[in-house]
Amino acid sequence: MHPFAPVHGRELWIYIAAATAGWIALFALLHRLPLRHKRALTIALTFIAGLFYTLEFYLPAKSHWFPWWKNPLSDLIVPMGNAMNVIFGFTLALGLINLAMIHGRNIARKRPGWFNSAAFFAAMISMIVFGLWQTYTPDTNRPAALGLSCAQVHRVYDVLFNGLLQPLGATVFSILAFYMATAAFRAFRIRAAEAALMMASAFIVMLGQVPVGRALTNWLPAHGFYSQFRLERFMGWILNTWSMAGVRAVGFGLAVGGLSMALRIWLSLERGSFFEMRESKP
Amino acid sequence: MEHANEFQAALFLLIGIVIVGAILMARRGRAFHVRRIPGLSAIDEAVGRATEMGRPILFTMGLSVLDIVSMQALAILSHIARLAARFGTRLIVPVADVPLYTLTEEICREAFTAEGKADAFNPQDIMFLSDQQFAYGAAVVGIMHRERVATCFYFGYFYAESLLLAESGAIAGAVQVAGTPATTQIPFFIVAADYVIIGDEYYAGSAYLSREPTLLGSLFGQDIGKGIVLALIVAGSVIAVLHQLFPHLVRSNILAKWLGAG
Amino acid sequence: MSVAAGRSERPRYVIYALLWLIVIVTLIWPIPSPMKASPPVRSLHNAIEALPRNKLVILSVSWDVGTRGENGPQTAALVQHLFKSGRRFAIFGWAYPTGPMLAEGIAQSLSRKYGKRYGTDWVNWGFKAGGIPTLQALAKDIPRTIVEDIRHTTITDVPAMAGVRDWHEIGMVIDITGSATLDAWVAFWQGVYGVPLGYACTGVMGPEAFPYLDAGQIKGVLNALVGAAEYEAMVGIGGQGQQRMTSQSAAHVLIIALIILGNVLMVRDRRRKAGDRG
Amino acid sequence: MPWYVIFVGGIATLGTYTLLYRENSISRFFEHVFVGVGAGYGFYFYITSIIVPNWGKPLFVEGKWYWIFPLLIGGMYYLIYSRRLVWMARMVMLTTMGLYAGLAFKQFITVYVPQIAASFKPVVARSFPYVQFSNLLFFVTIVTVMSYFFFSFEHRHPLIRGSSRIGRWMLMVSFGAIFGSTVMGRMSLFIDRAAFLLFDFLRLSPR
């Protein structure tokens, strides 16, 4: 029988247990290797992983000279993507553990403000509980559990999502508008000609975007040569020509820089304790 | 374009080989030059000012997490920490990421030890504050005012907190030096800080200070890569002009076709 | 130090109060001002109008609660245009788990006005992790990558998904975003398969979109709330964007005035100091 | 939205805005609640939107036993908390980074090569002088800005020195555009909250 054929029932569990045991045994063996060999293994794996997408793209799909050629890696794109989706799905709880550790420590040591950490846990747990609960119960008046009806479960979730998560997140970020306003008055000093040029460009963009700025140059004709000097047109020209050229030039620099960074990672040329897998000192 | 054409693959190979070649040459001991970067010379001056005034220096990497950007910031921090140790100036480093925090402390301790001032190193001055953007921002602002810092350094990847930090530093009257690859935050540093290291200069700066052969070689290779891109743009523009002026001689922009456009 | 800090607190409160005041006043008493769509907005609108009707549009919702004030009205304007012109669309998220839920709320509340129903007129693919490898897989096999919609129906059983297998059935992808997601769509969809791409982004990222627009990699740009307002005007609907333009104008004028005032005061202080010395 | 949702939302909004006065216990409380519901939402959503349909279904319903491997690989990330086994976590992370490196090579061609081709603009042409001027400005800007970002030699030659100096000036126009656009975005965020407080929470309506 094909080893990757689907299996069911008890057989499935045996397969899963065997695969898990095999995996653990493999890594228990690898763990005994000296660090040098572990590093060599990592270098090899990193290289192979990078090679996958590189060859998939740079090898042609079909070849004129070799009619039997077909890029073999293209068929693996879908399974690879689905596997990465799930692998990342499993790792995304890492951030949660980090947060739980910080706040758990605050509560355990009764640090000042520990009740805020308790509020963190209360909010997190109720979101998880009611989120899962409302997903798997229909929105009806039937009783669910704990004296709550199904509709009430949905209502609690509504409060958590639309009453807390949405307004809190939006408000926290909107505070930036206030910081911007005070910084405009207290910190944005035009000390050099460079900053003056920047501010001129910024003022044109700020005014050209909004009705009040556009109204300033309404007296200019809507067509013909002078229409180019209407604020909204002028702003569009700055964004699309002048500023665009600068942004694109910076982008080319970043692209080559990104390419070199990717090469360094792929070929394990990067230095530093993380990349060389050195044990950090206790 | 599901797969690269020959010209695209050749372009990628050319730039890739140049970069890797330069890195390997640098590692074999070939010395590469890095040009003077104005913002960097300001670092020594800014440390000197804090020493004269007898007030502390603040170094922040914003919300950076442990990655390549922050590792280059640590190279700059190491340089600043050695200067601070030499002059006996206090250095405060608030961090927003736990793994980065442990590495930061290690780097500072090493820098103080290298200057023979291991006992002057105060681990309390390297601190983890919070990984929440505004909680971190507010706490750093608090430190700036309480400790009356004379100099602020901003190196790393910054988000919206850059505005809050640079404003408070400016009000505190500190000399501020900033460098970040985050293009969107550079404008705020330009108006509120004294010296700004722009975009790619950030990577050059850390290579310059750390003298790490891999980074120096990579920088040289990137320069050649950028040179190739620039040469393509100039050549393509010349062909575009010829195409406009003599349409029957130059039928189309062949270079653009090779690159896969149109 | 406390004296200096105390003194510097006063202008802070005055500025905060001013910002509150002008925004509240202009929200309650807005001055109606017709918006004229700029070329990047118009070209996105026209690109959607030119789409064949049998193709699906992907709304990639890469924003979360933090940028709701900008991306929310953009999403609403685009959804209304798609409803109005009778084009099916799929809501999909791969950057923030909240995104597809927020967009679903917007689509739900607008669907009544246009008499549209979930499942036949739009579908919600929910959130998928895995980043770029997942996007690549999506292009080659949509049902196997998505598996279930947000209501846990098997994706091939949703009427709106009839006949949708891979990128061939996708007419356009519109990336509505508050973070750096554009490169991924350009690199692994538009650049590879030539699927047209639309873009709606926050103000911070607006200027960085124009190199892509110039190279034809994106069809058009909605930049922040102003982009939403212009799009509403273009489609001929009312909406939050246009309602809030007076406040937006007032806030911009306030910022410009504060920068100028701050610098005038600096110059005056400097002159006074120079005068004391002389 | 039902009234109780709006009521809770209004209180949460006002509570967060007390931060504008100064750091205080109310704003800190709401900040923690925000982080809590955010983290909780992410967790519950990953389970219902990814783990159950994309992993549980093929593994347990369809019997594809090899789907156990993503769990084993994903689980290795958690070993970063163990000092002895951290090498496994680093191995998985570096392999993933290698995978992304391969993607970056593709990205270079599909994102930036078309932009290089789009930069071939005729500086001299038989078109409107306005278009020609724009093309010239574009060409000068892109060349000078790129020359500013050359690092491996001193900018001594007057040509390169002049070019890189002009490049830095040209960059200021781009930074100004980013500045102006950022102001616009930040203000929209506040206007959104103010509109919520006025029209939903206080039930006023625009005149």
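All chains are identified by letter, namely A, B, C and D, in their written order; residue positions are counted from 1 within each chain.
We adopt the following convention: contacts are C-beta pairs under 8 Å (C-beta built on N, C-alpha and C of every residue); 3 or more make two chains touch, one makes a residue touch a chain.
In this text, all values refer to a predicted model and were calculated from it rather than measured experimentally.
Chemist: Among the chain pairs here, which one is joined by the most contacts?
Modeler: Greatest number of C-beta pairs in contact occurs for A-D.
Chemist: Most central chain by CA mean?
Modeler: Of all chains shown, the one whose C-alpha centroid lies nearest the global centroid is D.
Chemist: Taking each chain's centre as the mean of its C-alpha atoms, which one ends up farthest from the centre of chain D?
Modeler: B
Chemist: I'd like the Å distance between the centres of chain A and chain B, where a centre is the mean of that chain's Cα atoms.
Modeler: That pair's centroid distance is 22 Å.
Chemist: Find the geometric centre of each of chain C and chain D from their Cα atoms only, then give the gap between the two centres in Å, rounded to an integer.
Modeler: So the centre of chain C lies 13 Å away from the centre of chain D.
Chemist: Can you compute the centre-to-centre distance for chain A and chain D, using the mean CA position of each chain? Integer Å is fine.
Modeler: For chain A versus chain D, the centre distance works out to 8 Å.
Chemist: For chain A, give me the residues that contact two or more of the other chains.
Modeler: 57-58, 82-89, 92, 135, 161-162, 165-166, 168-170, 172-178, 180, 182, 186-190, 194-195, 198-199, 202-203, 205-206, 209-210, 239, 243-244, 247-248, 250-253, 259, 261, 263, 274
Chemist: Of all the residues in chain C, which ones touch at least 2 other chains?
Modeler: Those would be 8, 16, 19, 66-69, 98, 101, 128-129, 133, 152, 191-192, 204, 206-208, 211, 214, 223-224, 226, 248, 251-252, 255.
Chemist: So which stretches of chain B touch two or more other chains?
Modeler: If we look for residues of chain B contacting two or more partner chains, we find 1-2, 4, 12, 16, 134, 171, 183-184, 187-188, 190-191, 199-200, 226, 229.
Chemist: Please output the residues of chain D touching chain B within their complex, sorted ascending.
Modeler: Its residues touching chain B are 19, 23, 28, 31, 35, 105-106, 108-110, 113-114, 116-127, 139, 142-143, 146-147, 149-155, 168, 171-172, 175-176, 178-179, 182.
Chemist: Looking at the complex, which residues from chain B come into contact with chain C?
Modeler: Its residues touching chain C are 1-2, 145, 148, 171, 183-184.
Chemist: Chain A touches which residues of chain D in the complex?
Modeler: Touch list, chain D to chain A: 1-2, 4-10, 12-13, 16-17, 19-20, 25, 28-48, 50-51, 54-55, 59-60, 62-75, 77-78, 80-81, 83, 85-88, 90-91, 94-109, 111-112, 115-116, 119, 130, 134, 137-139, 141-142, 145-146, 149, 167-184, 186-187, 189-190, 192-193, 196.
Chemist: Can you list the residues on chain B that touch chain A in the complex?
Modeler: Within the complex, chain B touches chain A at residues 2-4, 9, 12, 15-16, 19-20, 23, 66, 68, 71, 98, 102-103, 106, 131, 134, 160, 163-164, 166-167, 170-171, 181, 183, 187-188, 190-192, 199-200, 203, 212, 214-215, 218, 221-222, 225-226, 229.
Chemist: How about chain B: which of its residues touch chain D in the complex?
Modeler: Listed in rising order, the residues are 1, 4, 8, 11-12, 16, 32-37, 132, 134-135, 138, 142, 183-184, 186-188, 190-191, 198-201, 204, 219-220, 223, 226-227, 229-230, 232-234, 236-237, 239-241, 243-245, 253, 255-256, 259-262.
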